[in-house]
Amino acid sequence: MNMEYLEKILKNVSAGRLSVKDAAKTLKHIHFEDINYAHVDHHRSMRKGFPEVIFGEGKTSEQIIGIIERMAVQEEIILVTRVDKMKAESVLLRFSDAVYHEDAKMIVWKKKEIFPLQGRGKILVLSAGTSDIPVAKEAYITALAMGNEVDSVFDVGVAGIHRLFDHRKMIDNASVLVVVAGMEGALPSVVAGMVSRPVIAFPTSIGYGVSLGGLTALFAMLNSCSSNVAVVNIDNGFGAGYMASIINRC
Amino acid sequence: MNMEYLEKILKNVSAGRLSVKDAAKTLKHIHFEDINYAHVDHHRSMRKGFPEVIFGEGKTSEQIIGIIERMAVQEEIILVTRVDKMKAESVLLRFSDAVYHEDAKMIVWKKKEIFPLQGRGKILVLSAGTSDIPVAKEAYITALAMGNEVDSVFDVGVAGIHRLFDHRKMIDNASVLVVVAGMEGALPSVVAGMVSRPVIAFPTSIGYGVSLGGLTALFAMLNSCSSNVAVVNIDNGFGAGYMASIINRC
Amino acid sequence: MNMEYLEKILKNVSAGRLSVKDAAKTLKHIHFEDINYAHVDHHRSMRKGFPEVIFGEGKTSEQIIGIIERMAVQEEIILVTRVDKMKAESVLLRFSDAVYHEDAKMIVWKKKEIFPLQGRGKILVLSAGTSDIPVAKEAYITALAMGNEVDSVFDVGVAGIHRLFDHRKMIDNASVLVVVAGMEGALPSVVAGMVSRPVIAFPTSIGYGVSLGGLTALFAMLNSCSSNVAVVNIDNGFGAGYMASIINRC
Amino acid sequence: MNMEYLEKILKNVSAGRLSVKDAAKTLKHIHFEDINYAHVDHHRSMRKGFPEVIFGEGKTSEQIIGIIERMAVQEEIILVTRVDKMKAESVLLRFSDAVYHEDAKMIVWKKKEIFPLQGRGKILVLSAGTSDIPVAKEAYITALAMGNEVDSVFDVGVAGIHRLFDHRKMIDNASVLVVVAGMEGALPSVVAGMVSRPVIAFPTSIGYGVSLGGLTALFAMLNSCSSNVAVVNIDNGFGAGYMASIINRC
Amino acid sequence: MNMEYLEKILKNVSAGRLSVKDAAKTLKHIHFEDINYAHVDHHRSMRKGFPEVIFGEGKTSEQIIGIIERMAVQEEIILVTRVDKMKAESVLLRFSDAVYHEDAKMIVWKKKEIFPLQGRGKILVLSAGTSDIPVAKEAYITALAMGNEVDSVFDVGVAGIHRLFDHRKMIDNASVLVVVAGMEGALPSVVAGMVSRPVIAFPTSIGYGVSLGGLTALFAMLNSCSSNVAVVNIDNGFGAGYMASIINRC
Amino acid sequence: MNMEYLEKILKNVSAGRLSVKDAAKTLKHIHFEDINYAHVDHHRSMRKGFPEVIFGEGKTSEQIIGIIERMAVQEEIILVTRVDKMKAESVLLRFSDAVYHEDAKMIVWKKKEIFPLQGRGKILVLSAGTSDIPVAKEAYITALAMGNEVDSVFDVGVAGIHRLFDHRKMIDNASVLVVVAGMEGALPSVVAGMVSRPVIAFPTSIGYGVSLGGLTALFAMLNSCSSNVAVVNIDNGFGAGYMASIINRC
Amino acid sequence: MNMEYLEKILKNVSAGRLSVKDAAKTLKHIHFEDINYAHVDHHRSMRKGFPEVIFGEGKTSEQIIGIIERMAVQEEIILVTRVDKMKAESVLLRFSDAVYHEDAKMIVWKKKEIFPLQGRGKILVLSAGTSDIPVAKEAYITALAMGNEVDSVFDVGVAGIHRLFDHRKMIDNASVLVVVAGMEGALPSVVAGMVSRPVIAFPTSIGYGVSLGGLTALFAMLNSCSSNVAVVNIDNGFGAGYMASIINRC
Amino acid sequence: MNMEYLEKILKNVSAGRLSVKDAAKTLKHIHFEDINYAHVDHHRSMRKGFPEVIFGEGKTSEQIIGIIERMAVQEEIILVTRVDKMKAESVLLRFSDAVYHEDAKMIVWKKKEIFPLQGRGKILVLSAGTSDIPVAKEAYITALAMGNEVDSVFDVGVAGIHRLFDHRKMIDNASVLVVVAGMEGALPSVVAGMVSRPVIAFPTSIGYGVSLGGLTALFAMLNSCSSNVAVVNIDNGFGAGYMASIINRC
């Protein structure tokens, strides 16, 4: 239908029935057709200049391969998140040049060796505990794949706050910080109090008892005394890395 | 009834019908009668050697005066918690030697000038924010009245973690620490990571949005990565001060 | 800076101008102090180049005046949030050159007329409903006072999604977007799907029944299908404006 | 029908063909029995003119077959919901003319080829994401089996709101709309703002973190700014399709 | 801007540059401008043929009068919800022909005496208890004002289920049913089990203890064993009446 | 009774005294009617032999007087719950022989001096704390007014468990026990462990912090290790007294 | 130890050192020893005259056999709850005269054929749905084993309220009613409105979405408009049957 | 120690043995390093004089062995918590002198036979039910391994409160009490009412229905009427034992 309409307007223009200016104005509002075409994974919408992402959880390796095949024609880079090792191996049999990051449970496939650096400063990924590393790695790989310089420091929880100060320089130099914590979720508040840059806090579901599957960490982060903190959903490593990247890109 | 029974047993002993050992054994289990008599405020039970406490909230000044009068006969010290200024003034008209601590909303009345020092070390009360001071003061006054040396540092929240280190010595020297925090409730975890002594964490209802009336702080404290932390109810300043005192007394 | 100071002291020691004992004493505290002095209001920590903020709720006008007086010596701009009209009038009697924004419940005081523009792009504040305007205005005034160009569009809720498209140009041009919504909290997701720039979503407590004081909006925002969204606490207009500003400043 | 039967019995009594005692016995049970008799699955009560439904979850294939056998005598159409593939295959071995819809996890068995069209307008089933399709299909198959014309559009979530406008015509023409969404649950609000017809919103348990098993989507839908929305239980695809059908049937 | 565009298209048509068909098609999609204008209260969106509604809560009588004045020019009927008696009296001083329904807390203003009957069948409003009457009346007045025949039966709670059967005829004859209940929220399930027509269940915040401000009733209604039930937000009388009306109108 | 009536109608049909059509009409509604007449207050349904109750909260003294007047014609005893002192005084001006129990906030009006004793054993009302007394008294007065012998012991909370043993005899002799507790809600479990008789546990909203308005006490009681415990709603003193009475009456 | 003490007292009595009266008084308070001995399963405390119960969940068949062996010496009847079929078969290999009720997941072992009838009236177990039958059966078997006459009617949910009236006589005749429901939990309220006898309501975890594992049914039951209802924990069939039995026994 | 080291470096500078630049470099990191060195497991921070602990859950036996090997060089005692039997057996193959406590799921490895007694009094571990024993044992083994004298009494729940009094002497003699309970969580309140010493209450996730995975027990404990109670996280046996130990050590 949109196509018909498009042709009609263009015919009016070519026949002198519609000025170029008016046609342009009209066309501006049917622009979604061509954008729509690019939305293969509809839950992780990406705009031009950024790689597509495939949410691997609940998809078979066949489905993942199928989506990659369709995307590979036009994309420079493809990310797949939440892929366990067995699925990843099947996918890599088909795309031997893809790389599987087991700790982050992500597959990264790039068309060209070198990806242009898009971010302006460095992104730093900090995590409170060893068990937070998998989701922290998801944020790390995402930010890296999106063309940023990324540093990471794991296991600097608040129970030994002095460890944080060992990394003071790295913290001070970061352009955007992604701070991961489960349990009491205190790390983002402490880190945000040390810097003037934006901190993306993301809670993990690590813990037991009243950690409530990450709700306690989430609420603690939203209650942060520092104002340079904004929060993403529990275990949403991809989202944290993505948000940090677009902040860094501006 | 218990009294009659007591007399009976004693008569048996005096008549040689019951050995001293057996009498002692028996008497041990009717000891609640005489203790019961002393339990005027039944919600804040105190044992020998510790002052009674009157929970002032929801009581009229007349009721508070009545209870103090009954208690003053046998007690060395009397505490009243959660008393607003107006009520306190009425009470002080009757007991001119009592002292009202407006910030802690407590009345302290002592029979003698000097109260014997019962605690072995120093108790330190730390609070995260200025708005936590009232409940922090309730813990402070309670611990003081119970015969402890008490120090306090207010407003050392985690958003400016360096401030904590200014008070490192005081923190290191404390025998028991009471750490108060609302909002993200992170301070007790950070402090407990710095010391080897027991930390009594108590959450306050200070905050808005997802502070959830103190639940977020409470859950964060229960999730503390440090193991030398135990927690009391939201806004329970008296309980925190009391628990710290009995730990310090051992 | 600390490094320079440290080397200076060491040089003094090396040159015999400072005893080992005095140097040790000085070094012990050095690296906190110079950072410390800027933290007048400990709950809204600001770094150099950004104005201080005073959280007005629960403070008397006398207390607010006192804090402003202390800050005015060294600060170029002072913000006071959550001040009702009556308190504000008392404060303005003392600081006649301050401005009170009644809808945002904020006082802004500036030393000089012109405040240097620090942000790189435009910040856009969007709100879903008329009742969200007060908190939306808090974000707006904050971002403005922090040296940003700020636009705002109020009342573009998802129940009449077409209204959003009327402002498409403004939305496309924004460098950072602050999107406010109560009730179902859907607006940030919709807006984030339209742009490639970072969206700071902030939920309000507006609503009844299962709006649950803003929790529903908060959770909806955290669940956003778009990845360029991060969230701040319920009704935290200042925090949203602040976070947007530091993102824009980078 | 009951009335006819009742009058028939009374006529028999009046004509002396049935004794008073036997009539009384019969009448005592009549008006439940024929209704009751039809309630084989007591949790999905259906009235005259509408197909029976068997809730397949937690039932063995033997139990399902048994119930179908009892029902098939008098029913024109039989629905079985929440049947996994393995169970369905066993059932279809017995009823070879039944159809299994794997995506909706439903079995539909019809006595006659053509089912009379009962609905007046078209029902449109819209879903926000690909993962919502299974429950959306349950609503779709239910509405279809109940004699409605049904259209469906899947994957038109609010993160790419323009996609919705591609289907504007279908949306405008629908008599009743069933709108499915998980995560932030925003789609029903947006769609309801575009139409004047009733929208049945149903939340799915799809999501992680603060999606809280569908509670966030549910609450968001109940908070909808549009008033032409009513909501059914989480993942209740059958209920949504059923409710839409009886609205369409009026 | 839209207006200019409208003129431009019309000029093209009048000049023969654009066919009537094409112009109509184009105009269909810029229709929001003129509707937008009519959306004075943006939280209760109404489409053509239905009265506007003003949400009175949190608005001054001056604000309500101002909105009515703007709306009265073009509307046939105006509803104001949640207006207390004092405010209503001020409003009626200005609009003496408006009617205030004190129990429903609603103002209804009509331009003409007779409002065309739009609904096809009868709407029945049932409530469980006497304390539910105010919100039940909001639904009743709304449905009435929207041109429906409406019946109501109050106080037929499930604790005396036989009372319900006294009204069996009325229940059987209703085209759409609005069933209100607080506390255990059982009434909608029971009623829906008796009829084949759609039931709009709406929970009230009436109750204490574990009524949880209406959440228990809401959840009970969503869990209804009957499938012809859909639910609106707690205390949302207007929404229930509105939804029933548009179902009845089809 | 219905059976007799049914046969009578059928005999009339058989004898030609009643037409088939009229008989059918009558039979359709018959079995509800005779039950109906006894329900005056629909929220506190009482059966013959038990007093009516008027829920006073939210009713004006005029409304309460009006209801009493209607009831007094046929009832021997009338209870009004949750009446504050001011309202009660107005009611007593009209009914000078009624008695107001200020602590229980109840009015009791009796037609005759002596009310027949209906319960078989003694009911014992136990409460944990002094602040639970008002609701405990509601249960006490209710049980008393319903014709039971009732004892009560207040302030025997688990923090001084020995006090409970002082009342061992009274506890052992009770036929039914009503045990009230707020805060940790432990008393019913402890008491139920001491007796073989049924314990009605009822939680109060007394407490702060995580007492969660009585939810903690409620859940604790439902989790009781003793099996002779059943629970009523938070603060539902009337319900507890009522349930105890009907158990005692059997 | 207690035994020694007992001997000592008795020796005092026999030697004339202690009067019979005093000895009796003393012995009254050491009576727990002999009762304690009988408490093999400490979570289901039973008093004299009632059978012991073994909570089977989480115990191996060996452990269950061991406990039965110890109990069988002195008990007339033994109940084991929550035993799956496999475990039950192992237990029955050892105790061939025990009976396994597969639907209730209970083992009942009786020493003698005839168990004395202890209850005074009939207990009626009613359940709302077919899926509630297993827990309803637990209540049924428990009440039966405890010496009551028990009737049961399953599957009389409120979605077809007429079915309830078929069983009116049985309902009217019951001395105590146990009413089971999941989902919206409405049945106990409806039934309690029909009778004057005590109703033990017990919620089941059956349902999905907002049934919240039985919490919705539980809260609905606690909110019952009828006052002759008290509630036990979710899925607590044993507790419901036990409580009904002791009420019936009085 | 740090002071000594600092002065040493400064002396080296003063004596020209160390350049200013090198000294600055060294001083920058000094005060963390020596503390940091001891933190091998970052989630269970231990200070000098106390054994390290390894959280076994989610770690492979290989990982556990690896950590023990690194720690064994310098530690006297090593604890591993939450290790199932299979993992434990693998670990013990490598460290044949370690001991596995199956009920507590802990491995204890000691370098020397005799561990110096550090605690001053006795720690008593009390648990309410048999199912609480595993977590209670975790507390017991932890306290024992940390050099305390520890007693334990299991299965003294409040449903048979008399059992508690059998152990009165042990309870009275304890220096610190760890009281474990699931379900209604009442035991710590009762015990704390009997003693003047600190009680560490810890809730377990044992229970069903409204035990809510331990939240009910947790909240009940936080609401304790006794003030000598502080609480740790649900199922946190190690934390309870640890906290009790450091209280006992003072």
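Miscellaneous remarks
Letters A, B, C, D, E, F, G and H mark the chains in the order given here, with residues in each chain numbered from 1 onward.
Rule of thumb we're sticking to: a residue touches a chain if its C-beta (ideal position, glycine included) is under 8 Å from a C-beta of that chain, and two chains touch if they have at least 3 such contacts.
Worth saying up front: this structure is predicted, and the values here are computed from it rather than measured.
Any chain that touches chain C and also touches chain F is listed here: B, D, E, H.
With steps allowed only between chains in touch, the distance from chain B over to chain E comes to 2. Homomeric contact chain F/chain H is classed as same-residue, with over half of its interface positions used by both copies.
The interface with the greater number of C-beta contacts, when C-H is set against B-H, is B-H. Chain B and chain G have Cα centroids separated by 43 Å. In this assembly, the C-alpha centroid of chain E lies 60 Å from the C-alpha centroid of chain H. Our note on geometry: chain A versus chain D, Cα centroid distance of 39 Å, whole angstroms.
The distance from the centre of chain A to the centre of chain C, with each centre set as the mean of the Cα atoms, comes to 25 Å. Residue positions of chain A with contacts to 2 or more other chains are 29, 42-43, 45, 129, 157, 159-160, 193, 209-210, 215, 218, 222-223, 225-226, 233-234. For chain G in complex with chain H, the residues that touch the partner chain are 1-2, 32-33, 35-36, 39, 42-43, 45, 58, 203, 205, 214-215, 218, 233-236. Across the complex, chain D is touched by residues 3, 6-7, 10-11, 13-14, 16, 20-21, 23-24, 27-28 of chain F. Only residues 31, 42-45, 47-50, 53, 120-121, 175-176, 193, 195-198, 200, 218, 222-223, 225-234, 238-239, 242-243, 246-248, 250 of chain F touch chain G when the two sit together in their complex. Residues 129-131, 155, 157, 159-160, 162-163, 165-166, 208-210 of chain A are the ones touching chain H in the complex. On chain B, the positions that touch chain A within their shared complex are 128-129, 157-161, 183-186, 189-190, 192-194, 207, 209-212, 215-226.
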